[in-house]
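Letters A, B, C and D name the chains as they come in the text, with residue numbers starting at 1 for each one.
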Amino acid sequence: MEQDTLYQRQVIDRARAPAHAGSLDGATHTGEGTNPMCGDRVRVGLSLTKGGTVTAVRHETRGCAICIASADMMAGLAEGRSALELGALSRQFGEMLRTGEGAEQVGELGVFAPLHQHRSRIRCATLPWTALVEALDGSKDR
Amino acid sequence: MEQDTLYQRQVIDRARAPAHAGSLDGATHTGEGTNPMCGDRVRVGLSLTKGGTVTAVRHETRGCAICIASADMMAGLAEGRSALELGALSRQFGEMLRTGEGAEQVGELGVFAPLHQHRSRIRCATLPWTALVEALDGSKDR
Amino acid sequence: MDLSPAALADPIDALRHLRADFPILNEAVHGKPLVFLDSAASAQKPIQVIDAMSRTMRTQYANVHRGLHWMSERTTDACEAVRDQVAGLIGAPSREEIVFTRNSTEAINLVAHSFGSLIRPGQAVVISEMEHHANLVPWQMLRDRAGIELRVAPITDAGELELEALERLLSDGKVALVAVTHMSNVLGTVTPARRIADMAHAAGARVLFDGSQMVVHRRVDVREIGADFYVFTGHKLYGPTGIGVLWGRRELLEAMPPFLGGGDMISTVRFEGSTWANVPHKFEAGTPAIIETIGLGAAISYIESIGFDAIAAHEAALTDHALRRLAEVPGLRVIGAPADRGGVISFTMDDVHPHDIATLLDRNGIAIRAGHHCAEPLMRRLGVSATARASFGLYTTREEVDTLAATLEQIRSLFV
Amino acid sequence: MDLSPAALADPIDALRHLRADFPILNEAVHGKPLVFLDSAASAQKPIQVIDAMSRTMRTQYANVHRGLHWMSERTTDACEAVRDQVAGLIGAPSREEIVFTRNSTEAINLVAHSFGSLIRPGQAVVISEMEHHANLVPWQMLRDRAGIELRVAPITDAGELELEALERLLSDGKVALVAVTHMSNVLGTVTPARRIADMAHAAGARVLFDGSQMVVHRRVDVREIGADFYVFTGHKLYGPTGIGVLWGRRELLEAMPPFLGGGDMISTVRFEGSTWANVPHKFEAGTPAIIETIGLGAAISYIESIGFDAIAAHEAALTDHALRRLAEVPGLRVIGAPADRGGVISFTMDDVHPHDIATLLDRNGIAIRAGHHCAEPLMRRLGVSATARASFGLYTTREEVDTLAATLEQIRSLFV
């Protein structure tokens, strides 16, 4: 098997040793995404400034490599961005997964572009974003 | 349409003006056959000698031309024959309808040989014989 | 509408070129060219449908259940695309309201079980005198199971629903569902769906239309006619056997318990209890008719490429022609005279038994149906034990109808 | 048994020439030759099946319902001949005990509804811990509907039925039906059908076997195993989707009320009440899956032309080989170790998620399944949330199994 373009080193390493895993003490917002089909689950905790900027993100992910790596890259990307920016990024990411195009616009997440050929796995990559968007919407906190 | 080999003059005339239709006064045995699929019904009444010879047959038939003509020809053939002979004839007739062969062995009934190409109509021709065999078995009389 | 001179001149001839798509029409029967006038029982299949099914099996097939591999994903895509096509075909607001079943019969049974379980003793279901057994027996069984009432809306001698009588049947407000045909498979009657739906809704009832015959011939829009449920069957729509459709309003489907249990209709399963998938999957237990779903999709594409304007015009003109020609056959009596009708014509001929008519026609290569057409109570209402029935498809020609009429004349002359 | 030197030498290679019958095996996926190891989900179709279906649609098709014309009679003949074939396939005493359904799922639901309606509150149904949802959810639904008890026979860690426990579940004489799989779709376990049937009968219970996986791999004789009901599904047996089979003992089928109502399952219909057709027709409402029935017949002919001796030998040798090869993959754990098993192998690999395994295999052209395999309670019993599963068909080769093992090794090396 040649080096796989989807399961790149980067993805597998992030899945095996995620940098942003765990629960966030003093999170101001939390969110959760579950995929009943395979039992995968992502919980996200984050801190948001008054101005709407994410200062810290942690995720607790039970799932496949795609899901964990996606969650961890998301957490890394989220810090320092505004809710607005992250909403846009989430949409761009979803669009890239659907079409396989636009990898250059989503930073590190571009590694998941080949997933567009595996439609039933796309949800694994977007599940963390479901959790993040829920956290940003603050629905769990009100 | 050329002269039809199944619906020959003989068949149609017998169906329109059967020679042996009606109920038999003083019948010693009666039998009935019904086809729930199309609602056809044949009632047969006959007189049987002690020795087992049929002396008279009448049929009351509600059905298609094939059924009426078959009943009427059967009634004509039955008179003077023994129950044993008629059982054999019934089997030969059934076999001819199934295969299309052996028309020469069933007398007048040979006209129905082409019916083997119309499997779902075979029952129309055999229904009178169901009634006759029931009458001969005397099941209704005991 | 096809506005080419030829089509305007003769909508019957406008579809003649499509016969080449139906290989079976080249077959001979008893040495005569096949004249297939039994499309209301089941239509023949265009090569486009045959090819779509065999292409699936040759090149792109796997089970659709949650497969993560390429063949499974592509097959799932192909099947789910047909849900969109069906929604488009009947104007359903949402693809998720399309439930795949085996046929119309199963679709109606599904409603009778699942919606039926929400109907309380003392409530009623209304059907009509001209229902196919498929839209009759399931309601009888529900009646006998659940203690509801079954009411029968009468028809006129012309073969039309008696709307005033229907109104009276609805007037006590006890009716939970009106289940009637959108087009009779015996009389050809097209029922006034919108008016029926309005009457039902005004009385607090839901309405199901049996579209088995109707979808073949005219464009149906479930929203326009105000339906709550609509069913049809693939094999009459030039598609394969083994696939049918139930459409239902989402809020109804969501309120209904599932019908069959098994794989794919569940969300989670524990021995103590399970939870159900979202609609439409809640109603689709087990491996679906994958190849047949794809075949149905090909049939819908085929029909839509022709267009319902052309199909309806062909059928209307052909039916007019047939009624005219059959009226010339001595002793022939067409059963029913509905004002709005489709290409299904039942008839009797003097006292020639319909079975003899059918067999004699068959011996001349002409396929029609004879019997009670799965509508025994209607036969009783009409005072006949059976009828002969000729029915038309988009491939039926004027010449075929003429051959029918001419052969009927000859048959009659045999019997007089 | 094929006694040719080649077959004796290697039963795996003995079927290699049959690959030419399966056009899809020439397809490529993600640029790699397709290695299809998902036959337990649904098998690929030989050209003989594809051709039989398309020939039907091209040359000899009409609805089978009581048509008096040639096309209808011939199509009826073709379908009814398949009933004989199915009876022969499973050793049913009578063709009239063969009921056509959409799939196994519908067949089990039919029994759960119709036989289930004869089970009284206080009585029980026994299933096992390793049932497919198809043989679990219908019984749950019956329990919740009818107030019967649902008992679950446990399995051992090796993945075999605990027969002593089953005996205890039967001991109070309240069990009306034991419904268990004849071969597990997850563990490959072949259950000791005859012993189970004897135990059930001794306790006054009837027994249903879910033969969905079993009929594909070995000759089944319903009389020999003492079954009362047996179900299977066409699409796993190299046949089309949309067609399945219920076999039941005649006296049981006759005692059971009908399931779906509609055309063809009736004897007479009146609004006041209807009477039912004889078995099997009582259970076959509406237009059947005509084309698919004929396709199933072609599949059975195909399989019987190969012979179950050769098929079973191929499968046994291939499964042995696969178990050996997979044991060599570091970190790979095969789930279950039943003594008597068929060609279905579930496994996990260290902590590589089964979905990642499936996708990585797919990227190399290898189709396997990953997930709960419609057996969630079994996953819980096994203490896993999902497994990867490779399953074999008669077209599977040793090289394909080797490719699987080699690719799994590479996948693992990615993750460590």
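One rule holds in what follows: contacts are C-beta pairs under 8 Å (C-beta built on N, C-alpha and C of every residue); 3 or more make two chains touch, one makes a residue touch a chain.
Everything quoted here is computed from the prediction, not taken from an experiment.
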item: Touching chain sets, computed without subunit D; value: one piece
item: Pair joined by the larger number of C-beta contacts - A-D, A-C; value: A-D
item: Chain separated most widely from subunit C, comparing mean CA positions; value: A
item: Gap in Å, rounded to a whole number, between the CA centres of subunit D and subunit A; value: 40
item: Length of the line joining the C-alpha centres of subunit B and subunit D, rounded to whole Å; value: 48
item: Subunit C and subunit D: spacing of chain centres that average the CA atoms, whole Å; value: 32
item: Residues of subunit A whose C-beta touches two or more other chains; value: 37, 117-118, 121
item: Residues of subunit C touching at least two other chains; value: 30, 66-68, 70, 72, 268, 355, 359, 362, 371
item: Parts of subunit A lying in touch with subunit D, wherever the complex brings them together; value: 1, 4, 6-7, 12, 16, 37-39, 63-66, 117-118, 121, 124
item: Footprint of subunit D on subunit C - complex, ascending; value: 23-24, 27, 29-30, 34, 36, 38, 41-42, 44-45, 47, 49-50, 53-54, 57-63, 65-72, 102-106, 108-109, 112, 132-134, 136-138, 140-141, 144, 150, 152, 233, 235, 240-243, 258, 260-266, 268-271, 273-274, 285-292, 355, 358-359, 361-362, 366-371, 374, 376-377, 380
item: Subunit C partner contacts - residues on subunit A that touch it in the complex; value: 36-37, 117-121
item: Residue ranges of subunit C in contact with subunit B within the complex; value: 30, 352-353, 355-356, 359-360, 362-364, 371, 385-386, 407, 410-411, 414-415
item: Subunit D to subunit B touching residues, read off their complex; value: 66-68, 70, 72-73, 76-77, 267-268
